[in-house]
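This is the structure I have questions about; it appears just below.
Naming follows writing order (A, B, C, D and E), and every chain is counted from residue 1.
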Amino acid sequence: MSNLDIYMPILMLLLLGVLLVGITVVLISKVVRPHNPNPVKEQAYECGEDPVGSAWSLFNMRFYVTGLIFIIFDVESALMFPVVAVFKSMNEIGLGGLVLIELIIFITILVAGLAYCWRKGDLDWVKSYKMSEDSKEGTGIEND
Amino acid sequence: MMGLASYLIISTILFICGVIAILARKNIIAILLGLELILNASALNFVAYTRFLNNSIDGHIFSLFIIVIAAAEAAVALAIVLRFYQIRETVHIDDATQLQG
Amino acid sequence: MFDLTLFFISAVLTVIGAIMVITTKDLMHACIYLLASFLGMAGLYLTLGADFVAAIQLLVYVGGVVILMVFAVMLTGGPHAQKQNKFGMIKTALMGNIRTYTIGGLTAVVVLLMMVKLYISIFKNYTAGELPNYLPTVERIGKSLITDHVLAFEISSVLLLGALIGAAIIARPRKNRIN
Amino acid sequence: MTDTIVSYLAKFGPFKDLLEFLTESYGANGPTLFAFLIFLVGVIIIVTILSTIGGLGTYAERKISADMQLRMGPNRVGPYGILQFLADGVKMLMKEDIVPKDVDRLLFFIAPMLALTGVFGTLAVIPFSSGFTLTDLNVGVVYLIGISSLVGLAIFLGGYASNSKWSMLGGMRGASQIISYEIPIVLSILAVVLLSGGLSFGVITRAQGGWPHEWFIFHNPFTFIGFFVLFIGSLAETNRAPFDLPEAESELVSGYHTEFTGMRFAFFALAEYIEVFVVCGVTAALFLGGYQVPFNLGGDTIWGQLLQLGAFFSKTLALYYFVIVIRWTLPRLRVDQLMTMCWKYLIPIALFNLVGAGVWMWLFKGKSLFVLLFKSGTAAAGIH
Amino acid sequence: MDYTIANIAPIVLLPFLAFVIGSFTAKKFPKFTGIMVCVAIFGSFLLSARIFADFVFNQYSADYYIHKTFTWFDLGPTFKLNLGIYIDQMSAMLLLMVSGVGFLIHLFATYYMGEDKRYARYMIYMSLFTAGMLGVALSDNLLSFFMFWEVMGFCSYSLIGFYYEREAPGDASMKAFMTTRIGDVFFLFGLLIVWNVTTQVNGQGSFTFVDLYNVIANGGFDGQMLLGIPLATFAGLCFFMGTIGKSAQFPLQIWLPDAMQGPTPTSALIHAATMVAAGVYLSLRVYPVLEAGHLLVFVSYIGAITAFGAATMALVQTDIKAVLAYSTISQLGFMVLGVGVGNYNAAFMHLITHAVFKACLFLSSGSVIHSLHDHHTGGHVQEMPRMGGLRKKMPYTAFVMVICSLAISGVPFFSGFVSKDRILGEALIMGLKNPVYSLPMVLGFVAALLTAFYMFRMIFLTFYGAPRDQELFDHCHTEKFSFNRNLPLLILSLFTLGLWYSGSLTGQGLVKFPGVENKEWFQTLIEKPDAHHLAKFKNYKSQAWGKVDVKPAIDFSKSHYDPTHGLSAEEAHHAHTLHLYGAVGSIFIAFLGIFLAYLMYIRKSLNPGWWATTFSGWYQTLKNKYYFDHFYIDVLIKKVLFKFQDFIAWVDMGIWDRIFIDGWANVNNFFSYWARKFDDVVVDTIGVDGTGAGVRFFNLVLRTLQSGKIQFYFVVIFLVMASYLLTLRVA
């Protein structure tokens, strides 16, 4: 058994997920289900009113800001995983303090970013929205 | 079949795809997609060389940092794109004609 | 046997995904193809014995970057926004005029030549030796992150801090001004 | 060598014979074929069982809510209405598959697929027992987090593809909620990894013990808090009440799956219910000792494995019950409360926990609170 | 115990760090900042006390010293700057005094400034100041000495002008800063000379004291002349100008009285106890240079004139702090006189004793001022004519102040007597031996008389008699004992007793403890750096920072008190006799002064008003501080400097502008004519138009490239890069 065989169930499960949906939706249910479309059915459901415009319109920036902070944290945690994983073995040979200090420095810098965003209101769902009307104070960049 | 050559070819294809996306797509976000492809191609090269040429761990760490930097780059670049869009209401790259924003 | 299968599936997913990214018109679809390409890339990492890098590829790209891209597509007016520019001119999807095509073609030829030259030498000189076994990488990565590469490790957090603050400043909602 | 179901089963006589037979017949590919067969059977069994559990989950939900509200709940199909989920499934299969005019057809097809794929992908590393884990990857935890984030993407794409404003809102909310709550989850898991010293579920589970005081939840005060952070985050990650904003029926009709009908909707629902089971299982494995039974009863024998399965499932199902009770007890959060809770409470707490757990490990040489309180330091060396 | 960076550097760094941290916390946590500063200085005090204990309690002999250096920066073989520490008995005592007195003053400041709105800022300035002074005490070289000296200058500027809302403190701070700068400029000259001489002698420039001593011991100054003056004289003069500026000696004494505009603990710390002492300390450190430059007579004259002049001015002051300020100048004059008459030991002793009792006096006056609150103006009252009878209201302060006044007046059993009378006795010896010294001798004794008089004038006016401003008196609260108001005072006053400084209570052998007659530790331990002392620096080797002290090869023997001071028995007897006369005389003088004050202000049998009217001319002169301020401003600046300025302006406008600038313009005109010709023909026609044509031509080419389309640029970049890679030879 070569080493890569351990990844076999993952591939199987992913393929199973794809195939299950594909086969069921495309084949089986096509056989058994009814199919009689009409224009009203094919409208997007907006509580019975006719839809106005596409739904693919603009959304608020705050969604992006959330995603932005998320991805930074995601990457930081990705970097922390191996360090944290070796912490225990390092601790047993007496280097735990060193790893801990490195980790704490890392986390502190991370927290500084979080604190900045907190302070500037990026974490406030409602206030950051209001800020766009009120003032451009605290945005950091001045525009003409 | 699973030699160094095949990995290099795959990464070359990815790289060329990325370059084409950068050169030919007009939507800035599409260009960023191309950039991600290029970064992935280089990360793949690092890991492949590490496996086939020397068995140290440094290639993995390098690709790890490439992933980190790619994520940071994507975050900042997309923020710039969004800012640009808010000002110009377009993400067409040929509309980015002024340095001031 | 399975390693070949995994390699083949991953390679196909990666290459097809990448090609679809640059050919599809719909930006949202391009993001999905990019996702496919990333998944395939994770598979390729697995075949190279880089299990941790593969997992991080999943975590960061699939879970983070693609979602961010998709958000950005949504926030810039959806995938089909602005076929026209401000003056009502149709924007070209590709580069445009004969001059750019010429230079582009030239570039393609030169790049091709360069690749051929590079790869010929690589394939000629590289002989596959005894490949090492697949070893667990997490321990080794962790150890070198806290010893040899500790500076890079810490500096990367500064980089991310900078990215976070910079991007947050740029992306913060403000009063819109249209020039 | 990573523990898999294959390496476990290969110890037993019949399987050993099969392995030898395959090796003789197919040479070097024999073990792979052997693994393929066992994995295939294992995957099919596990998917079947979990789909059933997911289906039963809908039943349990209705029954428990009925109990809490002094109703009967489903009681027509089968004894006590236990086959209700099968009836629902058949109904779903028979429903018309309505694809609205303006949808993005590709994504409309891919979204449920991604949701199901993401959830199925996680099943590969769930530690049901020491032997019956499909594959115990070295990077199991990271893999699990990564692959399950496909669900968030699926929810967004589902909302996007529908081209309906309700769906779009639900999808946006869902995606941002899921990515936000991923952070506290990851940080809590990091604390557990720090205690156990490995990224695989096997290592993490083996670092704990059968008795409650050996579980990580009671290891130190920080993990005790970390458990709740993880649990709350998991609730949000699976869009369960009180975090069911993406599908808040009183606000957004039905959220991101407003436009999905028939089997497509069924797959979304199935994915959600299986995911609840998965996160409960993960929580149990990370904090509640997973499959560990006291005295390691039975050991590697098949009876021991069954005991371990029993331990794992009982812990997981207890959490599952708890999740359902929470859903019918708590009111839904507002969207700003949701974000505040995540970014201003859970994440700082989780970061603090991580550092605190590290300091605890460093100060007390990895001894748990119980050991420090009730046993001498020398006796403690044997535990970890 | 060894001296390493870990237990030396915190002495300076603790107050400095308190300053740094305090500057961040001052706004938000003023109370915390104040406590932190006090704790930091107490830490310095503990470390200093340990050094003191090492040096004084018999671990090291009298001429032992510790000198450790590290390289600050290294610019090649000839220019290498070392910094380091130099600790000998004198530094050890100074460290203990500065940190101890500084700590008590800080403690008092928490009381005095506690309600001020900029309390924390005040405390951190004080902290920085203390760091500077401790740095001066530890410096092994003149350069770092100068740097810390300037740190103190800055702090003194900030602290004098602490109430910058008012005009007077602002002016006073500016005045203090500018006046001391004059001395500092000369000090810098001195540094250059030292560098130059050490370069000549050792081949490598250095600022360290030991190198300076080394150079002097090896005769490095011999025969060196500058502008016809011996170089040693020049250097000594430069350093002594630093002393004059910093220690407010004649003729630069004008800044110190004005410096009383700062809060009273500032006055105590800076303008009485420590900073002004730094100037004297400089003189003591460079004493061999002064001696080599034959400057001691000059020094003694400056000191005596200062002592006498300031004392006379103090007679007529009505502001309680002004009296103390002039007395400070006067006492500094005594110290300088001590240096001048060659009684190195007594000068340093007076520095220490004066620091203690003057700090105590200032703090007591602060205590008085703080409790006298004028409800009409809303400010505190400093004028003595409005006081009187205050001993009933503040018994502790009155007691302490009387003790300290006794000390400063030179009453036996107090520290002032021990130190001052040794200076006066030496002056007496020198005056009788050498007629040149007779004027300093006389002035010194007169100044001592005046000192006793004006100090007790102040005491009587403040604490005795009937209250002259009943309303103010009634508003004054009765003093309650509090740890940060009275405790520092009491501790300081405890150390004004003479027995701490001398085994014989009086320092003159008049009254002795049984069995301790040889414990004149001050005289034993502080060695005058004369030729004998300097000899050990002849083969000096510097020692780098390390973990362990490397003791010098020469094993210094333990020193013991030499009652003959190295003189022959006959001379020693002579000297002792003269000292005895001097002591008796000065005791008499002290009591005479006190008695005069008693007559004038308690018995009122002598009317001060009569004296003031009779000698109104002198009175006005003294009131106006001998017209020094007028002289400097009206004469020196307005008449001389402005004239000089006019002259310079005339040179600039009349000569330089007219001849050089205008002449240059003419030359330019000439050349510009030809340049224009050249421009028209060669440049315009050929160059510009030709370039234009060229540009138009290249424009055609470049226009295609410069399209503004960024992706086109990318294509070009890729093309170029790929082409470049194509040309590379692949291994």
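Basically, a contact is a pair of C-beta atoms (placed from the backbone, for glycine too) under 8 Å apart; a residue touches a chain by one contact, two chains touch by 3 or more.
What you are looking at is a predicted structure, and each value in this text was computed from that prediction instead of being measured.
Number of steps on the shortest path from chain B to chain D, with steps defined by chain touch: 2.
Chains that touch both chain A and chain D are the following: C.
Of all chains, the one whose Cα centroid sits at the greatest distance from that of chain A is E.
Seen from the C-alpha centroid of chain B, the farthest chain centroid is that of E.
The chain pair A-B and the chain pair B-E differ in C-beta contact count, and the higher one is A-B. Distance between chain C and chain E, defined via averaged C-alpha coordinates, is recorded as 67 Å. Our note on geometry: chain A versus chain C, Cα centroid distance of 17 Å, whole angstroms. Centres computed as Cα averages put chain C at a distance of 29 Å from chain D. Centre-to-centre, using mean CA coordinates, chain D is 74 Å away from chain E.
Counting only residues that touch two or more partner chains, chain B has 19, 23-24, 26, 64, 67-68, 71-72, 74-75, 78-79, 82, 86, 94. Looking at chain A, one finds that residues 2, 5, 7-8, 54, 56, 59, 61, 63-64, 67-72, 74-75, 78-79, 81, 84-86, 89, 99, 110, 143 touch two or more other chains. Multi-chain contact residues of chain E (touching two or more other chains): 709, 711, 715, 718. Looking at which chains touch one another, you get A-B, A-C, A-D, B-C, B-E, C-D, C-E. Listed in rising order, the residues of chain D touching chain A in the complex are 2, 4, 6-7, 31-32, 34-36, 39-40, 42-43, 47, 93-103, 109, 112-113, 116-121, 123-124, 134-135, 137, 141-143, 160, 162-168, 172, 175-176, 179-180, 182-183, 186-187, 190, 193-199, 253, 258-259, 262-264, 267, 335-336, 338-340, 343-344, 347-348, 351, 354-355, 358-359, 361-362, 365-366. Of all residues in chain E, only 704, 709, 711-712, 715-716, 718-719, 722-723, 725-726, 730-731 touch chain C in the complex they form.
Within the complex, the chain B residues that touch chain E are 19, 22-24, 26, 93-94, 96-97. Note for the complex: chain A touches chain C at residues 2-5, 7-8, 11, 54, 56-65, 67-72, 74-76, 78-79, 81-86, 89-90, 98-99, 102, 105-106, 109-110, 112-113, 116-117, 120, 122, 128-129, 131-133, 136, 139-141, 143. By the touch criterion given at the top, residues 1-2, 26, 28-29, 32, 35, 51-52, 54-59, 62-64, 66-67, 70-71, 74, 136-138 of chain C touch chain D in their complex.
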